[in-house]
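What follows is a pair of complexes built around chain A, which joins chain B in one and chain C in the other.
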Partner chain A sequence: MRRYFGRKLLIYGLTFFVAVTINWMIPRFMPGDPVQSMLSRANVAQPAAVEAMRAHYTAMFGFDLPLWQQYLNFWGSLLKGDLGISIWLFPTPVSDVIIRAVPYTLGLLIPSILLSWFAGNRFGAFAARRKWLDNSVLPVGYVLTATPYMWLAILLAWALGILAGVFPVAGAYGFDMQPSLSWDFLGSLAQHWFLPFASLFLVAFGGWAIGMRNMIIYELEADYVNYLRALGAPMRLVRRYAFRNAILPQVTGLALQLGVLVAGALVTEIVFSYPGLGHLILQAIQNQDFFLLQGTFLFIVIGVLIANFIIDIAYVLVDPRTRTGMGGAA
Partner chain B sequence: MALNVTDLRVYYRTLRGEVKALDGVTFSVADGEIMGLAGESGSGKSTLAKSLIRLDGRMRHVGGTVELDGRTMPLSDDIGMDRFRFREVSLIPQYSMSALNPTRKIGKMVGELLDSRGERPDRAELERRLELVGLSKDVLDRYPIELSGGMKQRVVMVVSTLLNPSLLIADEVTSALDVSSQKAVATTLLGFRDRGLVTSMMVVTHDISLVYQIADTIMVMYAGRLAEKAPADVLVTAPRHPYTKQLISALPEVGVRYEDRRLTGIPGNPPSLLKPPGGCRFRERCPLAFDQCAEQPPFAEVAPGHFVACWKAE
Partner chain C sequence: MTAVPTVRREALHFALRNRKLVVGTVIVAVFLVAGLAGPLLFDHGPNDYVGPPMASPSGEFWFGTTTFGQDVFAQFVYGLRSTFLVGVLGGVLAAVVGMVVGFVAGYRGGWVDELLTMLTNIVLVLPALVVLLIINAYLGVRSIGVQALFIGLTSWPWAARAIRAQTFSLRSREFVDLARLSGVRTPKIILREIAPNMSSYLFLTFILLFGSAILIAASLDFIGLGPTEGVSLGLMLNNAARWSALQLGLWWWFIPPGAGITAIVGALYVMNVGLDEVFNPKLREM
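Then we have the complex of A and B:
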């Protein structure tokens, strides 16, 4: 057990290191100059003042140092918990900007991932034993899971937002509101939350339902099912066993899908101008905000790694076979 | 009479038509009898074994009746058959190694199975039976993955016989085992009968020399029909059907040096059961075939307890 988790932690550590390094590299190899864009925003006419400001900003962000020095400084301040200062929202620290956005992203992601997983598995198992359902509804599942997140998001925004006018299509709450703990505000929050949530939920739901349907059909052909049936065990017991065994690959699937779902959430947020991390990434790119981009990516990497680790632990708990196979490949 | 099978026909549905895997078999198994059922692949022996407990999706009960202890079994009624399964007729499957749910502890699985059949799990009896096959009660707290193949097989043997069935079907139970385990399994089966845990037994195998050690009678099938049924030693020492004769002569014998004399096989192949030829199905490969073989010979009793389907069996 200890060896297994030791190995897992080593792999996660390595992944973290590589991912953070890439996060650091990406903004620096993007075309454009963040200091230049800050200067043009400042709108200063005198060339001497511009030069002075340029020197000041460059030194402040450390762009005058050689790249390797910048890289080491980056790790140094990262370990101290300092993510730098946002260029876009200068002089707000990046961590503050991210912490403001995180609740919105988590509020979208966690319900859509868990609910789609739960409902998709239930529905898939249910459809697997009804021919008419299998023939009529599952093709819809295939279409759903093949739909790109942002395309479904645009479709939903157009149909339910613009045409039907039932749901708002932008923002996390009404533009005329200030965040507060009133029913009005919460209602508006829920209303704005629904469409981005639905587009994430539907795409993932289709995928889980199809996966589960296939797994159940496979499990119902398994030897242990044939044996139970030969001993006259009722379908109720057989289905319970089949469901429980079919869910195992779906747990692995959840770990694999997590990254895709996060990416989906990011583009969905952009479609709905939802003020989460995806929205931040877009702004950071548009404003050449190295530090914000790094910080947001870092946060996503940590989130995905933690979620994967939790799933690893859960898998060990639900499948006895992994417990005995722990000496093997991790 | 424990088991009476009359003119049983079970066909497989395929895209190219019906495969007549079991085409009119009539026989009976007495109380306390261990019957070996032998034949090559595709002879219909596994189909017969499955038919008596659970038809799979492609199998169709076309005709004939099966009576167990005087009650007719509704073969094609999957729900009606549940009354017989486990209590009256039980199965040790070919796939014993994978017959247990991999994610349930064995004791828990057995408890849930008994519960679902409305039986009260009797832990002490279960432990006693495990002891009988040489397993400690610890296996009940293990997952199947933690057991060796032989242990899993013994667990399955215990589970299958837990409700003292009237008929136990052992389907190719020794095929995947090494010789010493084969011997142990055969002895265990014999012990089940001798202790009265099961009344009669049908041991399906392609290994006549193994079944000969435990069976009272042996029945040989060929191409979906019965060829011969006789007391075990009679069938092995004095077979009457030409197919059985050739089958027995193809077995190696103790004391014979096969450097000098090559073992012979039976030339030719069994016929396709999609459109089987009329008359005796062994005709094509039979050295004794003559004109009358175009007509199907009856499965007739030529001596007490010795049935042969051959015109030249007298």
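Then we have the complex of A and C:
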């Protein structure tokens, strides 16, 4: 088991290293000049001012140093938690901007991932090899999982927000409110949270349900199932055994899907102007705020790595083989 | 020599009777034809201002017009083209990288395998869309080709892992040993002995990569990092959201592009399951 976690941690460490290196390399080696595009955005006319700003930004990125030193400095400031200054919200540090947005993204992501995973697996296992459910509900699952997150979000916002007027379609709480611990505020928060949550939940739900249904169908063909049935075991028991075997790939699948789910949350937030990381990314792109964009990137990578590690621990808990060193998922 | 044609004929027999496969293929084909032939119907470009602004669907403008008087139907068929292009290019590239990595890692084993598996796992954990965001944000001019290139380079890992596992189980079979003993070189063994034995699996992998490339491209376009010129279904959604089509009630602007993506990707998934049933007798409906 120590070997299992050691390997995983090595991978995550290396991934973090690669992510930081990508983050450092892209502004330096991509075609295009970030300093130039920030200058053109600032829209200053006097040449003297432009030169001063160019010098300022170049020094801020550290473009005037030798490459290896730029790289070491980058790591140095990163380890001190310094991600630079946001240009969009000048002069707030990028880390502050991100930390303010993170709770909103987590508040959407964690419930929608967990609930869709549990509900989808239960439902998929239930539907497998039951004629009418399999034929009527699973096509719906395929449609859901093929739906682009932002489109479902747009449809829900339009149908339930604008046509029916039941839910608000922008922001995380009423525009006339200040964050506080009152019932009014919490109610408004929940109301604004529901639609983005629902669209994330629905798309992910379809994917889990189909995955589980297919796994169960594989399992029901396995030898142990035939043996159990030959012994005359009730179908309920057989299904329970199949479920326990089929859930393992679904745990691994959760780790594989994290990137897609995070991406889904980002675009959903953009549709609802929900003030999480997705909204930050949109603002960063529209305002050419590269520090903010890169900081958000690192934050998301770290979040995904932590979530992966939690899933690894969960895997050890549900799969006894990893505990006794008999293999399982390496 | 009669064995191969019989297997093929049997596969065809089940393929034509598999409802999922037939329905999926027909849907994809319809959209493909619309994307290929549709643009020929217009003598104007997809972004030209040809009609009255905000017109609802009519005989002249099948899907209505945008706030600027652009023809939504023209944008839709041109957008289908870019969607298929991104899907095919990104899917093919991801499949090729995944196959090379998977075959080599699975067949060679040893430290080559360790190294490639490590690389695969690293790219696998990195959230692809976020990496693509960073790359695309720094690109001044973005095109469909470059978009597909980076999508292909970031979405191959799960395919490589699956192909590696399959190769691993095939490489100690007798026919592979026999080929090795008769002095056949490694690339030829992989191409002639191993790949054909999992060709159905490779095809299924490609279909899934095709679908996911379309979805990733749509997300990028929607965030505003789509191709700087031209039109795509994701860009249409982006424009509709940006110019408040929702608040103005222009449903004909944002429903068709999303429905198109959903239909194509959903049909690909359904095709995938259908093909799986054709190739794997255990899964056929009884």
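To be clear about the criterion, the second predicted complex is superposed on the first by the 271 of 330 C-alpha atoms of A that agree within 3 Å, B and C clash if a C-alpha of one lies under 4 Å from a C-alpha of the other, contacts with A are read in each partner's own complex, and residues count from 1 in each chain.
As a convention for this text, a contact is a pair of C-beta atoms (placed from the backbone, for glycine too) under 8 Å apart; a residue touches a chain by one contact, two chains touch by 3 or more.
If you're wondering where the values come from, they're calculated on a predicted model, not measured in any experiment.
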item: Overlay on chain A: chain C relative to chain B, clash or fit; value: fit
item: First (chain B), second (chain C), both or neither touched by A:Val35; value: neither
item: Touching partner for A:Ala204 - first (chain B), second (chain C), both, neither; value: neither
item: Which superposed partner A:Ile113 touches (first chain B, second chain C, both, neither); value: neither
item: Touching partner for A:Val97 - first (chain B), second (chain C), both, neither; value: neither
item: Touch count on chain A, higher of chain B and chain C; value: C
item: First (chain B), second (chain C), both or neither touched by A:Phe290; value: second
item: Shortest span in Å between Cα atoms of chain B and of chain C, once chain A is used as the common reference; value: 8
item: Common interface positions of chain A, toward chain B and toward chain C; value: none
item: Residues of chain B touching chain A in the complex; value: 53-54, 56, 81-87, 90-91, 93, 95, 98-104, 112-113, 116-117, 143, 145-146, 156, 159-160
item: List of chain A residues in touch with chain C within their complex; value: 11-12, 14-15, 18-19, 22-23, 26-27, 30-32, 34, 37, 139, 142-143, 145-152, 154-155, 157-158, 161-162, 169, 210, 214, 217-218, 221, 256, 258-260, 262-263, 266-267, 270-271, 281-282, 284-286, 290, 293-294, 297, 300-301, 304-305, 308
item: Residue ranges of chain C in contact with chain A within the complex; value: 118, 121-122, 124-131, 133-135, 137-140, 158, 211, 215-216, 218-219, 222-225, 234, 237, 240-241, 246-247, 249, 251, 254-255, 257-259, 261-266, 268-270, 273, 282-283
item: For the chain A and chain B complex, residues of the former touching the latter; value: 222-224, 226-234, 236-237, 241, 244-245, 248, 318-321, 324
